[in-house]
Each structure stands twice: as C-alpha cells, then as structure tokens.
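Two complexes follow with chain A in common, the first pairing it with chain B and the second with chain C.
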Partner chain A sequence: MNYFPDEVLEHIFDFVTSQRDRNSVSQVCKPWYKIESSSRQKVFVGNCYAISPERVIERFPGLKSITLKGKPHFADFNLVPPDWGGFVYPWIEAFARNNLGLEELKLKRMIISDECLELISRSFANFKSLVLVSCEGFSTDGLAAIASNCSFLRELDLQENDVEDHRGHWLSCFPDTCTSLVSLNFACLKGDVNLAALERLVARSPNLRSLRLNHAVPLDILQKILMRAPHLVDLGVGSYVHDPDSETYNKLVTALQKCKSVRSLSGFLEAAPQCLSAFHLICPNLTSLNLSYAPGIHGTELRKLIRHCRKLQRLWILDCIGDEGLEVVASTCKDLQEIRVFPSDPFVGNAAVTEVGLVALSSGCPKLHSILYFCQQMTNAALITVAKNRPNFTRFRLCILDPTKPDAVTNQPLDEGFGAIVHSCKGLRRLSMSGRLTDKVFLYIGMYAEQLEMISIAFAGDTDKGMQYLLNGCKKLRKLEIRDCPFGNAALLMDVGKYETMRSLWMSSCNVTLGGCKSLAKKMPMLNVEIINETDQMDISADDRQKAEKMFLYRTLAGRRKDAPEFVWTL
Partner chain B sequence: MELQLGLPLPTHNFIEKFDLNNDGFDPKDDMVGLKPWNCEDGYLGNKRSFEVAFGKNIKGGSQELPLLSWSGQPNDEDDWKGEKKISCSINMNDVEENQVVGWPPIKSWRKKMFHHQHQGVHVVNRNYRMVAGNHENGAGSNTRYVKVKMEGVAITRKIDLRHYNSYQTLTNSLTSKFAKCQNLEKDAAHFTLTYQDRDGDWLIAGDVPWQTFTESVQRLEIVRNAG
Partner chain C sequence: MSPPLLGVVEEEGQSNVTLLASPASAESVCLNGLELKERNYMGLSDCSSVDSSAVSAASDERKTSLNLKATELRLGLPGSQSPERNPELSLLSSAQFDEKPFFPLHPSNDGHYSTQKNVVSGNKRGFSDAMDEFSESKFMSNSEVNAMLSPRPSSNMGLKPGMLENLGVQQAKVKEIVAPKAGQERSHAANETRPPHNSSANNSSAPAPKAQVVGWPPIKSFRKNSLATTSKNTEEVDGKAGPGALFIKVSMDGQYGSHGAPGREMLSESKLKDLLHGSEYVLTYEDKDGDWMLVGDVPW
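Take a look at the complex of A and B:
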C-alpha cells in the first residue's frame, strides 16, 4: 500500500464509510492520516464542546456532512436548565466563514436560532439535508428561510423539536422550482399549515419518499396527498378524531391501496377506530410502526392492527396495548428487532404492562435485540428467562415506574435479574436499569458487560463500590449517567484517567461534593468539569463539603467553553 | 404462560474472578460527609429512600419487606458480613401526588400528553384509579366543567374536561354516557361532536390541538350526521 499514489489510497478509503473505521485508518501512519483527513466528507461530533469548529475545519477541509450533539441526555427529562448551552451558531458561522461546501447538517439536543437557519440557507449553495432532533430555539420563520433559499433541498426532517409556531406560511415558501424533496417531516409542528401549498409541493416532488404530516392535516387532504404520492415509503399521518364519512373513507381506502411501497407508518395523535381500520390495508408490508403518540387508541384496536403486521421490524407503542397485546406482537411479528413500550400514564401502578409482556416478547421474537420497556413491575425470574431466551440484546432499557421497586414476587432486589442479562447478552452496548438495586448488580456489570458503551442508572446502589465496580470493569464505557445514587468522592476519584477514555459523565443528586469535583478538575486538565448550580446559596467559594447537586464532565480539546451561562461553573 | 427459571441463580462462580479481599476498598473511608444511618429519617444506610429524596414523609406502617443479607458468597466476609438493610416500600399514593423531576424518563413533550390525566378519574384503560381530588397543580382551578347537550335528548349533562386527555377519550366517554340512558346505538360514527368557543362560534371538535380546545371550549353539543 505504500507504493500507491495518494489518489488510489483516497479511492480505497472511499469505501470505508463508518466514522470509527475511518478513525482507525487515520491512525495507521502519517500519510494515511493526511489522505483520510483531506478526503473525509462525513464527520460525527458526539459532544459539540469536545472540539472547536475551527479545528474540525482544519482537519477535514472537505467536510460536507456533519452531525453534532449538544446537551447531555438527561436534558430530555428536564434535568438540565434551559440555556445550558449547545448552541450551533458558532459552528455554522465558522463553516460559512471558511467557505465549506456544507450539504448536510444533523443536530441533536442543540439550540438553533432562526438567524442561524437563515445563515445556513444563504451560505451553502448545495445544502441538501437538515435533520433536527430534540432541538429548540427556532420558529417556523427559520423554516421559511430554509424553504425559500435552499434550491436543492432534499431533506427537511424535524423530529420531536420544540418549535415556535407562527402558523403555516413557511410551506408556501418552497419555490415552484423546488422539485427535489425526498423527505419532509413536520410532525412536531403544533400549528396549522397551508394545506393547498402542501398539496402543490407534494405534486411537484416526484422523488418524495418520506412524508410525515402534523396533526393539522385532515383526512380528506391526506387522501389527496396519497393519491399524488403513491411511491411513499415512509408515511406519518395526522390526527383523526372522528370517523370519516363513507365517501372520505372510501377515497382513503382507494388511496391506501395504491401505496404499495409504504414500509413505515407513524403519527396518529388521535385515531378513531374506523379510520384506523383503513390502515390495515398497508399493515402487511410495514416494517416500522409508531403508534406511541396516541393515548386514546384502545388496546383492542391496537391488537387488531398488529395482527396484520407480520413483517414488522420496529414497533413503538404505548403500554395500553397491555401484556395481552404484547403476546399478540410476540406471536405475529417474528421479524421484530426493536420495540419501545412507552407509558400512557406516568404514575406508579397505572402501567398496563408487566414482566409477562417482556417475557412473551423475548420468547416469541428471535431477532429482538433492542428494547425500551416502561412497566409497572419486574421480577428476577422474568429477567433471567429473558436473558436465556434472548442473548442477542444490544440495547436493553428497562424502566419500572416506581424506580426502587424490588422483585414483585420475592421482594428481593433485581440484581440477579440484571446480572443474568449482562452475563448472557455478550453484545450488550446500552443498558438502563431501574427497580431496587444494590452494589451487587454493578459487580455483575463490571464483570460481564464487556461491550457496554452507555449506561443510565437511577436510585440504585448502596455504596461507592457500586460505581467503582462499573468504572473498573467496563472497558468500553463511553457515556455514564447517574442520578440519585449514593456514590461519592471516593468513587468519582478512584480512576480519574478513565474519564479521558469516555465521552462524558453525568452525576446528579449523588454524594459527590464540590471539593471532590474541584480535585478531579485539578488532576485532569483535559476534562471540563461543570457544576450546574440552580440554588442561590451556593457560590464558587462555598464550603467544599457541600454536595454538588449536578455535575457534568466531558473530555475536550477545546478548553473551558466560553458560552457557559451564569449557573454553570467550569472548575 | 409459565415462567421458568432459566439460568441457575448466580452463585460463587461470579465472585471467583473478583477477589474482594484485595480490592482495598474500605466502606468506612467512603462516608465522607454522609449522614449516619438512621432509618427514621428515611435513610437506608448511605442511600436516601425514595420518600426522603422527594420530601415526602413515609406514611407509617408500610415497612413489610424482609431483611436483605449478602450471605452465601465466599470471599465476601470482609465487606458484606453483617450488613443488613431494611427496605421500605413506596406508598404509591405518595408518588402520584408528588412528581419527581425527570421521572419517569420520558421526553417532556410526551409528558405534555399526560397533562390532563393526573387530575381526575381515567375513563380509558382498564387500569384506571381514583386519584385524590386535592392536587396542588400550580395555578388554575382543578375542574373545567362544560355543559354537553345531545341532539334529541332533553337532559343536558355536565362534564369535567380535566378528566380527559384527548378527543378520543372524550368522545368514548360521551358515547357511553349518552347511550346508556337513551338506548341509542353506541356507534359513534353517526354523530359529530361540536363545541362553542370563546367567540361564540360553533365548530367541529377535533380541528385544533386538544390543549387549545380545552382552553377555549364553552359548551358541547353532539349532533347527528345528516343522511
């Protein structure tokens, strides 16, 4: 390989697409580093504060596509105050200033303003794809800028964002010359949209394959849209409170019959039973179904629908499907790979699924490897059975609504059950646990979870040992997030070098003190150790023995961040 | 469906590889700044019990769980011998009334879907519970009564909109309420729910997001579909 000219090497590297593999390639030798870096087009930055935009641009001048993640994961659950950070503007501004030919931008948990959206739309002539997941800070005006100015836009995908809605005119901003759309998802928008503009847009987008509407698109418009876009592969529908009149129903059925390519279905904030039954037509071909936004759909309707979905690989559903419904899933969906069962009621005692549903899934679905399961109760016996049935789990997230509830039958902690999971599932990469858990479960995890990369812990453990077992044992750990556990400074400071091998550590409502955090920050200059201080009493010179209520630390090449708000101290 | 105990419960196999005698961690060194054990305060050793963490008083008499002990594992005498912990059960009503920040771990906009649920009786789902009526829930009253009239029915009913979290739950409930006393068909397809908003206009229910609807609705009327 040493004798090949650079162009040949570059061509070979083109076949190496995953970021991890390209990182490995770049570490072989200096010439490979140079070639790989200059030719890499797609970059993933898991923590926007780990590196500066300038440095990324310097290393990857050919950058066309970037993914950036901002806030810590627990921000999803309101544990991080707003304005904590995660602003994308400096990145866009740097890209624009350096004339980067940016084409794709994907953001998760970041703050993006309308000004920033406008800057994007004006700075990058070939901009093709904008994907925003769990972001905020913008309004439909920013979307209007993107629609107006990005002539070659292929993808506008808004997932679960908090968008200020100034009503529907942004859709009309797509010029008549814009015919390149492949994917349009505005399901998270709360307001009305211009329905006529939407219909026209769909009519002039022959490449449209993914369309997710919001609640404001009524059934008769949906039916017209489907008639214009029979090649859709991914469909997200609106909200249908009333059953349609027979004429609309028949038209809907006709339209759905033409949609032979739909493989993914979502939406349904409300779904009257007869309306839902029209969709049974496309169920046999579905590989992905998301009904998790519809608390009003009865279990019986859900079960009826599922029975038609024999090819399902991914299912997101609410727990009102019940254990019975999960048994239907287990017997019907033999190709199922991922399932998420969300609570329709966040209160203890009201979840409609138990360990019975989980065991049924593990037994009936041989390809199941990823699960998120909110339930009322769990038992060690069930978890042990699940571990035996399904050693192929890669992601296992269990949330018992009462977070310290022990085994529902024996009243023992759930240590043995989760121990069995990590022992059996040798490829487990992500784990979340709940229920009564002692230090013992961490001993098991440290011993057996060799591939574990991310773990979320809440209300678990008894002493520092718990966290120590974890840090000692899990060699591939990248993200650790802990809340309400009795882990203190001894655990935090046991192996400070470990944190440089990880992306980040979050600890809230634990026993670490300000002193412990300061000590860590002093020993490890390559880490940003941030304390989020939400009370007035504490200040930086406060007693070091005071507990640090929220600490977030991450490795970084960029030094302390300059945009930290008042309530965030970098030690 | 029978649950079988699959794997034998892990015994000393797990501990063999991990020699606790040599790990050098003395539990006494860990207790920097921690309160001493005191179960009356709700502290289970180092760990705050659920109630203490969230400021609830443990309502007495619910400590029924057996003592947990670590016995039966070789090599662990140094660390776990004699450590016994008492586990207190969680009083479920307490948890309901007090919402723990960030628990359960679901995204905020999903939680907004539940916004109306915790203020009253659930009508949908077989797991509905009576929840105590005296919730503190920030500003605003706890009830939202509106009159509901059905075309052709003499009696007007009154319902509390706070009991519902979606159009579907509302229409289901209304259908069963009216059908019961009037011997009407339960088939909801023949009726349309309409409402009068703040401006006095009569609109078809379902066109605006649920939350917007509950804020502006003044009264409801169920009308028969024409034809």
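Take a look at the complex of A and C:
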C-alpha cells in the first residue's frame, strides 16, 4: 500500500463531506481513522442520548459544526410529555469547557434554554450559525443574547419553534457593527418586532440572502425591506392582513420587480388573496413555494399563482387547493420533486383532496420523489397507478384523515396499494402509511422495501406477524415508530439484536407488556429501553403483564440517561 | 396465506356478514360492481366482498339517530389529567369555526358522516385493552365552547352557524360511542380519544363516527396552532367581527390564549370574571347548540 503523508490524506478527506462516507473512511484502518477523526469538522448526532458530548469531543477535537436531534419524532404529535428530555445544555457546556471552536449548531426537537443561548453567545467567538427546528424552552431574551454577542453571526434560522415571546427588542440587539447576516428567519415568533430595527438591520446586511418574517411585519414594511434587499433568494412574507391601499400595492410591485433572485417563497401568514397577483412577477423563477401556513388563500387564488410557477421543485400547500388544483400543479410543474399537502381542517376531518390529486401528481411530475399527502380517502387502484407512474419515490408518506379507512371504492384494506408502492419504488427510504391495513402489507414491505430506513405505522396490522415481517425483511431499517397496533412481546422479542442496528424504536398503545420490555432490556445492555408512564397506577414493580403504554428504545454508548424525569423509567 | 376477504369481514363485523355467507353472490357483486379488478401483489385477484353502498345505507341510519342526541354541553374539568399542553383543545373549536367555509369545499361535506362510518370498523384486532388504556387525559377538544365576551350576545363574530351544528353533532356522535362504555357521563368527556372496539360498541345502533384521536392526524402542534390563529385573524379582519367584541378561546385543559390574551396562562372562569368585574360586559358563551349561556349557569 502506498504511503501518503497525513496532510495529503487529510486533504483528500476534505473532499469527502457526507457523514456516512466519512464514517466509512474512518473504518478502513487505524491511521485513516485517526486522520479522519481529527479533521472532521461537521458531526451529525441523530439521537442526543446515543453518545455523550465528551466522547464526541474526544473523537472529533476539530469539531466546528454539530447537528443534534432530541425527542422522538412522535413528540411532534403530542405523544411525548413535555419534560421528557432532549436538553442541549450539557452539550454546550461540554463544548465550552473544552474550548471547542463551535461555529454552527443545528438542533431538532430539543430543549434549549435562554441560559444556554447566552452561554453559546459568550463561549464561541466564531459562532456563525444557529438553526433551531421544532425546539422549545427559550424566549426572545435568549435570541437577544445571540444577537448581541455573536459578532460574526451569519445565520439565525428559527423553524417552527415554540418561543416565549417577551416582545422585547431582540432585533435591536444586533449591534451596528453586525453586517454579516446571510440568513434570518423569525417567522415562528408570535410577538411584535421592532420594525425600524429590522429595516436598519436589513439595510446594513449586504450579504442577506434569506429573510423570513413573522406575522407582525406588515405589507408596507415588507415593501421597504425588499427595496433594500433586492438580492434576496429566499423570502418569507409576513402578514397580508389588510388590503393594501393602491400606493402601497404599487410600491410592492415595484420592489418585487427588482427582486430578480428570489427562488423560494413562503409565509403569507395572514393573507388576503388580493395581494397575491403582485407575486406573480416572481413566480416564474421560483423553485420552492411554501403556502402551508396560509389558510387565507383559497383554491382559485392558489391555482392562479401556481400556473405561473413552471420551475417549481418543492411545493408545500394546504389541501384547499383541491384535486383540481393538484391537477394544475401536475400540468404546470414539470420539475417538481417534493410536494407536501397539509390539511387545512384537521379536526373536523375533511380533507379536500383525494386519490385523484395523488394520481394526477404521479402522472404529471416525472421528477417527483418525495411526498407527504393528507387526504380524505385512498384506493388500491390509485396507489397501484401511482406506483407504476412513479417508481422513483424515495419518501412516501400518506395520511388518510380517518386512520383506518379502507379502500374508498372496494372497502378492501390498502395492503395491495402500499404493496405496489414498495415493490415498484426500489429506492424508497421513508414510508408512512394509514388506512385499513392488515399483516399482509408488512409482508410486502419486508419482501420488497430493501432500502427502507424509516417507517411510521398507525392502527395497522392484525397479529405479531406484521411487525415480524418488517423486522425480518427490512435490512436497512433505522427508525421504526408504531402506534395503536396489535403487536406484542412475541414481535418485540423476536430479534433483539436487530435494535442495535437501528437508531430507535417507538411503540405506543400496542400490546407489549412491561415484562416484555424488561426482558428486552436485560438481553440488550446496549439499548436504553424507556417506558413513559403517565398514569399514576403503574409503578416499576407493577405486574409485568401490564401493558407498556409507551415504549421508546434506542441504542446508546452512553448508558442510561441521567436527566430522565420521573415518569420515564429506563429498564 | 388466508384470503384477505375473511380478515376484513371479521373486523368489520357488521353489514358484511350477510355478503360473506353467500360467496357466490359476493363474487357477482364484485364483477358487476367494480370497474377495476384488483390484483394482489402476488398476481392473484381479490374481489371485494363488500358492496360499499350497503355500508353507506347503514351509516345513514346511524346518522339520523345520532342527531337526536346532540344536546349536551361537554367541557373538560379543570382537574382532568393533562400533563402536556393541549393546544388541540381549543383548536378544535376555533379551527372548525374558522376553517370551514360557508359553502362546502367539496360535495362530501354533507355526507361526511357517512364517510366516517368505517373508522371504528377497522379497529378491532383484539386489542381492546390497549384501547381502553388509551390515555383519557390527553383528549383534546373538550371545550366545544367558544367563550365570548360580548355586550351583545347575538353578535355572530364570524361564527358560521352550520359549523356549530356540525361541531355539536360530531361531538354528540363521539359521545354516543363513549357512553355505553363509560356507563355514565364523564364530565370531562376526555375519552373520545379513540375509535372504540367494535364488539363493545352496540352493533345494532352503534354509530361509527370519527373519534378524535390523540396525535392524529399527525400534524405538528405548531402547525395546528398557527393555522387556527391565522385563520381566525383573517376572518376578523374581513369584517365579520362585531364591533366591540373580543374573541377569546377558552380551553379548560390547555393554555391557549389568542390575540390579546395572555399566551401561556390558563384562562379560567375566575380569571375571566376578574377581567370583567365592574365592566359593562358580561361573560357569556355559546354552547354547541348555538344557545347563549351565562357563565355560572352550568357548573364547570
């Protein structure tokens, strides 16, 4: 084997950017391991409890950028109690203590406090990027600390967080010397912002390319901001509550005419449709459009807008677009790769789209590979057609609002339809199913879904066999989440070694018992098997035959976690 | 592998039984009724044993019998267990009021009860125990009530009368399912959380309405909350809000406040009364029948 000096290897490894590839590189031999580990700057930790911060720092002393994920995915749907965990503080504290030159932090479903934000702002001189997705535990005071102290901040991106808004002037905390902002997204903030400070900030940020405003930014301010930032690539419009008087509207049109670089549009948080036609100007260049927070925009307006969006690659919308609207999408957006159709009325349970829209999309959009679709009903025939049209799906998530609804025409379970999807879409990595489903669909999945990494199941299956087919068949399975399915201990314990090859397993409202979970925990010391116990009656010495209402297990090198609240038992 | 036909029928248990008893007729139903012949993935063809029209007829009956029961006002008790925030609680009322357009978006609106017929039927795989344990405390939407502070009780505030009825009937249907299991009215009505087991629901008159299930549909709470707020605000500005009226959502279990009201604090009856104390306004609410009630009339 040729000898290369370390520097050469390191230089070569610089070109290897994906974490998976770098993981492979590090497994080739010890020298490669050493070099790769010492030079890796970007680390992804899919489960913050799978490893301790100290170990990460030890292995990757050159760490500059880290992504951490906390709570299980089903926490998004209120299935996990609020204090379950996912605290980032220990990580930040460890990084600070070890003088890591942290520059980028991305968190998903974690709890981050104001103290933690302040610690970040004071500990890392080169801190550049903070991205928080579905996080909580902080307020605008924490944001003020970041704004005040991070002199070289480039990115502050807040996506769908639950932020306590003290209506303070955090925006004014960006010092006049801060001119480095490239991306600012505060669309999820509920409170007012200092509009004058916002304008000034935009004015002194020549590199600003992405700006997403919250509902408190009205149309006339938007227009002024656009005049100052014509190079924006990504725009999130705030509020459109009032009909603009004609002067404001004309100014908006003028401003938009100058924004030739906008490729991504979102927001319209409180929208009156009359203003939309101004945006028809920028539609022809749009590659990404997110109107899923704009219930005020109805079907006809949506369709008008979409007809101008020939270059769209990503579309997030509400189902009020209707099947008819999806047909417009299918005929207009030939470059479409990803679409998400959300229900505008999830509670009453009427979705305005059906299998018709789905089939239209599959037939009209040749590059479509990722879909999240909330709909009123589905049929096997439609799914089979979709599978034939679109074998390139990598992510397929279907949610029928009535979770156990069978084929709307034949009343059969949807086994055949989903079977067709997994059989045809050989690159499928993520799947969510709903509707009436028996063990058979799991047989198909086990047989055909060779690349499947993540699957979400609800109200499906008949016997333990369902889950067994899945665990047996899907070799690349990493995340499995199951709720309200009749799978019990036999399925859970069938292949305990499998769970070490996976990131995590969630089972709630199934048939697994406390005893089954204990048995699993005993056999697999490298797993944390956690039971979330929300009723008072159960205690850990309870009858092992009692059902474990919520179980979450994950592989870990860190042992049982020390921050588990009392309602979480690690077996 | 046993034919899926049998599997389906065992679960549904209701109107399909007769069809299955005569397989010959089932076959003929299949051939005549279906335009598309479904083939399973193994290349064998399955025929639907169920004529969907038969099922719809049954559910229509259920629908009429249910409407008669829509009389109760159900609210969550302050004491009901709810360890997590439940924005859905108030979202149900607000989303329904604000999201649903005056005219249905699509024809199935009126018939939506019948499309919901099969919710329960899918569910039976013998894990009623799991269902029983389904945490009652998490139920969302106990407050089918929008509390409104208003000097003039008759102002409409953008509420669409049809929706209130829908809401009322819907809740009543859910209750209908729950009552036989519970034995008695549980005033926090928290257990309309899941589609009950088919066999325990009374098959003869058992309605199969959609029950609100915790965490379903799987939409981020953030998204649900935002939709509710933004659509409400859009409506108010459209001029439907009456003059001098303040719209506050009251949730008995959650901590949801709207526009102008403290975001995180729980709005309780006493707090609202304090707010109003000495002012010319009276605390009233509109129950799900559309009747205006003075707070204090009904013990919460």
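In this section, the second predicted complex is superposed on the first by the 565 of 571 C-alpha atoms of A that agree within 3 Å, B and C clash if a C-alpha of one lies under 4 Å from a C-alpha of the other, contacts with A are read in each partner's own complex, and residues count from 1 in each chain.
In the analysis below, a residue touches a chain if its C-beta (ideal position, glycine included) is under 8 Å from a C-beta of that chain, and two chains touch if they have at least 3 such contacts.
This is a predicted model, so every value here is computed, not measured.
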Simultaneous placement of chain C and chain B on chain A, clash or fit: clash
Which superposed partner A:Leu132 touches (first chain B, second chain C, both, neither): neither
Partner chain(s) touched by A:Arg483 [first = chain B, second = chain C, both, neither]: both
First (chain B), second (chain C), both or neither touched by A:Glu549: second
Contacts of A:Leu571 with chain B and chain C, given as first, second, both or neither: neither
Chain B versus chain C as contact partner of A:Ala387, first or second or both or neither: first
Partner chain(s) touched by A:Gln274 [first = chain B, second = chain C, both, neither]: first
Touching partner for A:Asp245 - first (chain B), second (chain C), both, neither: first
Touched partner set for A:Phe74, first chain B, second chain C, both or neither: both
Touched partner set for A:Pro413, first chain B, second chain C, both or neither: both
Against chain B, colliding segment of chain C, chosen among 3-11, 21-29, 273-281 or 291-299: 3-11
Those residues of chain A which chain B touches in one complex and chain C touches in the other: 74, 76-79, 134, 160, 162, 188, 190, 215, 241-242, 269-272, 292-296, 298-299, 320, 322, 342-350, 352, 374, 380-381, 384, 399, 401-406, 411-413, 416, 419-420, 423, 432, 436, 438, 440, 443-444, 456, 458-459, 461-463, 483-484, 486, 509, 511, 547
Touch list for chain B against partner chain A, complex: 1, 3-7, 9-10, 14-15, 17-18, 25, 27, 29-30, 32-34, 44-50, 53, 65-66, 68, 70, 79, 85, 87, 90, 92, 95-96, 99-111, 113-114, 117-118, 122, 124-129, 165-169, 171-172, 188-189, 192-193, 204-207, 209-210, 225
Residue ranges of chain A in contact with chain B within the complex: 74, 76-79, 134, 160, 162, 188, 190, 215-216, 218, 239-243, 245, 269-272, 274, 292-299, 320, 322, 327, 342-352, 355-356, 359-360, 374, 379-382, 384-385, 387-389, 399, 401-406, 411-413, 416, 419-420, 423-424, 432, 436, 438, 440, 443-444, 446-447, 456, 458-459, 461-465, 468, 483-486, 488-491, 509, 511, 513, 545, 547
Complex contact set, residues of chain A against chain C: 74, 76-82, 134, 160-162, 164-165, 188, 190, 215, 241-242, 269-272, 292-296, 298-299, 320, 322, 342-350, 352, 374, 376-377, 380-381, 384, 399, 401-413, 415-416, 419-420, 423, 432, 436, 438, 440, 443-444, 456, 458-459, 461-463, 483-484, 486, 509-511, 534-535, 547, 549, 567
Residues of chain C that touch chain A when the two form their complex: 1, 4, 7-8, 34, 36, 38-41, 46, 48, 50, 52, 55, 81, 83-86, 88, 91-92, 95-96, 99-101, 105-106, 108-109, 112, 115-116, 118-123, 125-127, 129-131, 133-135, 137-138, 141, 166-167, 170, 194-195, 210, 212-224, 226-227, 230-231, 233-234, 237-238, 263-264
